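Here chain A shows up in two complexes: once beside chain B, once beside chain C.
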Partner chain A sequence: MEELKIGVFICNCGSNIAHHVDVDAVREAVEAMPGIAIARSYKYMCSNPGQEMIARDIREHQLNRVVVAACSPRMHEKTFRNACRNGGLNPYLCEMANIREQCSWVHSDQLAATEKAKALTNAAINRVRYHEPLESLTAEMCPATLVIGGGIAGLTAALELADAAHQVYLVERTATLGGNLARVDLTAPHLDSARDLLTERITRVRANSRITLMLNSELQSLAGYVGNYAAIIRTKNGSGEVQERKVDVGNVVVATGYQEFDAGRITHYGHGKLPNVVTSFEFEQMLRKGRIETRHGKLPQYAAIIHCVGSRNKEFHPYCSRVCCMTALKYAHELKSANPACYVSDIYVDMHAFGKGHEDFYKTTSEVKTLFLMFEKNERPVVRKAGPNDDCEMLIEVNETLSRERIEIPADLIILMVGMEARADSGEVARLVNISQDQEGWFMESHPKLDPVATTTDGIYIAGTCAAPKDIPDTVAQARAAAARILGKIAKGKIEIDGVFAEVNEDRCSGCRMCNELCPYSAIEFNDQTRRSHVIPAACKACGACVAACPSGAIKGRHFTVEQLHAQIDGVLA
Partner chain B sequence: MSFEPKIVGFLCNWCSYTGADLAGTSRIQYPPNIRVIRVMCSARIEPDFVLRALASGADGVLICGCHPGDCHYSEGNYKAMRRYPLLKRMLKDYGVDNDRVRLEWVSASEGQRFADIVTDMTERVRALGPLRIKTDLQTDMVER
Partner chain C sequence: MAIRVNPKLIDELETYGAADVQNCYHCGNCSATCPFSKEPFVIPRRSMRNLQMGLEEKLKGTFEPWLCYYCGECSQQCPRGAEPGETMMSLRRWLTSRYDLTGISRLFYRSWKAELAALILVSLVTMVAFLVMGFSLGHGSLGVYAGAGALFPDHLVHILDLALAGLLAAVLLTNAIRMWWLTTGRNRNLHISLWSYVKNVFLLPYHFLFQARYSQCEKKLPWLTHLAIFLSWVTMEVLVILLLERFHSPETVWAAHVFGYLATIGLLGGTIYAMVGRVRKRETHYKHTHPTDWMFLILIAGAAFTGIVQHASYRWLGLDSVANIAYLIHMMFVVPLLAVQIPFSKLSHLAYRPLAMYLATVHTDALASQQAGAAQTEPVRLAA
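Up next, the complex of A and B:
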């Protein structure tokens, strides 16, 4: 083994670390340790001068290992690996000790924090002795993409990719394209027709030879890894026969949309029992037919709109569905346009007018003499059938927040603004493409702010309302962003596979195949000839489940080897 | 001077380590007795690591992973969960008190929960006093 020359770089992080950790004491404690060629502390190690110092020291002192005691590796591991690369050192020969997030920021006792910082730095030094240089691998990127869902998100992503001259397989479960948007008449706040928005996309999708449209189809399975996925699509033809087709794709866009909240779950609104209580989607049907009327064919004299049906409520969904407030204002506008004599009550919790043009829309529609009544989100209004002497179909009792009065209002037609919820089968989709869901069932982004279209699985992107309630502009933006991310990868042509993965020492493998079943990515193959298992590096995500389970100790988890972890354990306890 | 236990924490990268980082960014204070070792997934934690930590001077070991159903690798935490009772049974034979080794789920948003667990565990292990294990664990571990 070569002689170890370890450089230790301890960051003050301004006063973030130095305020609670005696950085010089840490440096003094480590510099006398065997193998330490140089130990330095510096104000901001992640700054350009800090990084250049590391690179320069690597060259000048021929360092072959680097330890950076600073913030969380989740914050700056990449930065310091790069600094090592710039100094001519393999980036995996670097290890970080987290003396900020897990030390100086959480322990105010300076003595104890300094002792802990020493232990963590010592553990990193111990560990880095066993580090090995690793090289990343490359694999081909298949330029075709699978888009799941034929709503506005899926259509947009498919067009964006196909317009850039790449093959797209667009899979839609139903027989028609358009998704939930196809059930809408006019869109808020500009009152342009949803049909027009969709027709343009659908016509272009149908005409594009690079888009293979698969209606009445579902994803059956997805195997492989980024750049090289094999998808099995099941299609039901007109006579009910099922056909399966395998397509090779490099990336997947999940655009499966949402389902509407079942208004019948809130019993005191009377949906399903009182004939003139309708959901927003049922009202859209009336609008598309061009006739707003009660079930008895009468023009409603009194109309009421109830907001947040299933949304912003601890009993059902705590979140805001984002589109309903503007849609409700659109309804008020349309009710008034159809019959200026109609009394419209808008019964709301809060008016959310967050988007571009929304506040203006709120102003103009509120000028058409709509009666606004506010209620507490957990104290819902109650709907009941009117008596024979009333001149209306139903009565709504509201505890009005602003006036603090209990108000009874007449209604011939009640529109329930049903919220969005994750589709009942979203769990199945998540399992098929191996992505996560949050507590509400929405698909989770890789990072909610900085990486909102990628997921934690490479090559799987999410767009539209399958990730959370969204309006059309946000959905389209996300679909285009997902397509852009994929186009970037296709343009690169190859994918880089991290050097950290598991590998089987075939001399020690007993061929028990225990690891084959354990691997959540089917990344371990069994060779029938040699009776040994081996790992497909590109498919391995380096979780280490197989490493820990192998009864022969034949699997090495690169960068998380037994030797490295043992050294780290001993190091924190020294 | 009162006894200050040493506790080794094995935390998965995606949920629990991120949760512990969040405790830091939120400046939530907890006892400095824990020293964390990061692994990619709780499924990587070999029972051997726990034994090694106890044999090398740890008074307690905390294992943290994503909540069931939330694993970044879809089901790694279930594997950790299945190994755990076997490990506990073995530790009992070595005379290691139940409170010294714990498996907990901490999500990336649960900085407070991480701090609470560490605080509680530190108090419990401090009350138990230094770990005195039957010598065979030490010999077993050294021989490995």
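Up next, the complex of A and C:
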């Protein structure tokens, strides 16, 4: 083994670290340790001069290990690995000691904090002695993409990719394209037709030779890793026969959409019992037929719209479904334009008019004399049949917030604004493509703000209402963003795989397959011929679950070896 | 018990001048800016809400619109252009029609043609009555204005004056009692002591004569204009009803006439100011004009103008016949103004406003003592 020449770089982080940790005392403590070629402290190690200092010291002092005692590796590990690479050192020969988040920020006693910083730095020095140079791997990127779902999100993503001259497989479970949007008449707030929005997309998708459209089809299985997925698609043809087809794709866009809340779950509203209580989708059907009427074929004199059916309620779904408020306003407009003598009551909890043009739409809905009545979030209006002397079919009783009166509202037709919920089979889809769901069943983003289209599995993207309730513009934007992310990867041609992953020593593997089941990323494959497991580096996230579980000790976590971890523990306890 | 919403009421109020009430989304800016909005009277927001929801009984039972003098601040502050000030104005018209049991007021407010027809009819009846009185009963001569042989002898006119005043007072009193019943009398939850009614009674003449609350609005000019017109009108009524003989005597009685001149200036000046304002529409409270507002202003201006002609031709020019004709036309303005507008239209507010101020104080007292009583009977909470 070559002689170790370790450089230790201790960051002040302005006063973030230096205020509670005596940085110079830490430097003095490590300076004298064996193998330390140089120890420095500096105001901002992550700054350009700081990084240049590390690179220069590596060259001048022929350093072969680097320890940076600074902030969390989540913040700057990439920065310092890069500085090492610039100095001619393999980036994996660098180790960080977190003396900010785990030390100076959480302690007020300067002496104790300094001691802890010494221990953490010592642990990093101990560990780095056992580091090995690692190389990142590359894999081919298959330029074809699988899009699951033929709604507005799936159609948009497919077109975006195919327009850039790449193959797309568009899989749709039903026999028609358009998804939930195809059930809608006009869209808010501009009252343009949903059919017009869809027809253009569907015509282009059908005409595009690069899009292989697979209707009546479902994803059966997905194997492989980013750039190299193999998907098996089951298609039912007209005579009920099932065909299976394997397609190779590099990336997947999941755009499976939502399902509507079942209004019958709220018994107070009488959906399914009272004939003139309809859901928003049932009302859309009326609108598409061009006749707004009660079950008895009469024009409604009083129409009432109830918001937040199944949404924003602790009993059902706590979240806002985002599109219902504007859709309700659209209904008020459509009711008034069909029959100006109709009195429309809009019974809402809060009016969420957040989008572009929505506030104006809210105002114009007031101007056509819609009566807005407010109720409290966790209360609920009660619908009952009107008596023989009333001039209406039904009465809605509710505590009205703005007037603080208990009121009853006449209604001949009641429209329930049913919210969106995750599809009943979303769990199955999540399992197939190996992505996570939140507690409501929505697919989870890699980062809710900074990475809202990627998931925790490389190469799997989500778009539209399968991730959370969204309106059309947001859905289209997300679909296009997912396509753009995939196009970027395809343009690169190859994918780079981090050098940190698990490796199976096939000589020691007993083929028990325990790790196959355990891996949360489906990154371990079993080779039926050799009867041994092996790790797909591109899919492995280096979580270490298999390393710990392997009864034969056959799996090694690269960069997290037993020696490294033991040395680190020894160092912190020393 | 739930109250039934009536979305149709808002349509009915439109005929009384309400506009854009539905635009209100209850941000509360209007009540925040109103100098008079203070619990228990939330002006104008509560009335806006009750009107939107069509809670007719609640609206009938509130005198909140009468506590507003339409300075226009609320309408200026409204982000939705819902015109709360004008809504209060139209609610006052609607309430007037609710207090009037005959239904005539409702007819007049909803149809300006009906009110105009009534004004013309009363005007013509007045003309016929005066001509019959002058030529047939009194055997007077057109050339004689005052004294023996006068066409319209003082004592006869005086009797007519008193009869009309008595009739109008009776009608107005009936309406005022109805207002009391709707807002106060029928409310069983409110316990008002007789003493409270008695000790606050001074508020009636106080607000009647000075419109003291109007003076608390931020802008003072509208109050001064209103006060000028009102005091001039009251002065004229006193002079004409109580001192007619002295006022009509051939020699000028300065002690009475000085007031007459001042009142004439006040009436004419105030009316012209209001008319110009309503034409120019620069100030918020002049932006919307109901037909009854024009009729009112034109009648006052006409009465003042013909009064001047009559006075000038008799006293300064000695043209008795011209004075008699001017007087006849003068009465053709005055009688419809009083007989139509006091019981059934705009002028009735001279009774309802002071009564509302009085009742507001009485209500506030009663609520305060009820709350104090409730606080006393509530069990004492021990510190945890």
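One rule holds for everything that comes next: the second predicted complex is superposed on the first by the 536 of 574 C-alpha atoms of A that agree within 3 Å, B and C clash if a C-alpha of one lies under 4 Å from a C-alpha of the other, contacts with A are read in each partner's own complex, and residues count from 1 in each chain.
Basically, a contact is a pair of C-beta atoms (placed from the backbone, for glycine too) under 8 Å apart; a residue touches a chain by one contact, two chains touch by 3 or more.
Quick caveat, the model's predicted, so the values are computed rather than measured.
Annotation: superposed three-chain arrangement on chain A; chain B versus chain C shows no clash, the two fitting side by side.
Once the two complexes are overlaid on the shared chain, A:V106 sits against chain B while remaining clear of chain C.
When the shared chain is aligned, no partner comes close enough to touch A:E140: not chain B, not chain C.
When both complexes are overlaid on chain A, the residue A:E200 reaches neither chain B nor chain C. Which of chain B and chain C touches more residues of chain A: that partner is B. In the superposition on chain A, A:E517 makes contact with neither chain B nor chain C. By the touch criterion defined above, A:E496 reaches neither chain B nor chain C.
Taking every C-alpha atom of chain B against every C-alpha atom of chain C, the smallest gap after superposition is 29 Å. Counting contacts as defined above, no chain A residue meets chain B in one complex and chain C in the other. Taken together, the chain B residues at the contact with chain A in this complex read 6, 8, 13-14, 17-18, 20-21, 23-25, 27-32, 35-41, 43-46, 48-49, 52-53, 56-58, 70, 72-76, 79, 83, 115. Here chain A touches chain C in the complex through residues 302, 343, 345, 351, 362-363, 366-367, 369-373, 395, 397, 400, 402-403, 405-410, going by the rule given at the top. Note for the complex: chain A touches chain B at residues 72-75, 98, 100-103, 105-109, 112-113, 115-116, 119-120, 123, 431, 434, 436, 456, 518, 520-521, 541-545, 547-549, 557, 560, 562, 565-566, 568-570, 572-573. Interface residues of chain C facing chain A in the complex, by the touch rule stated above, are 1-5, 7-8, 10, 20, 22-26, 46, 49-50, 52-53, 55, 58, 80.
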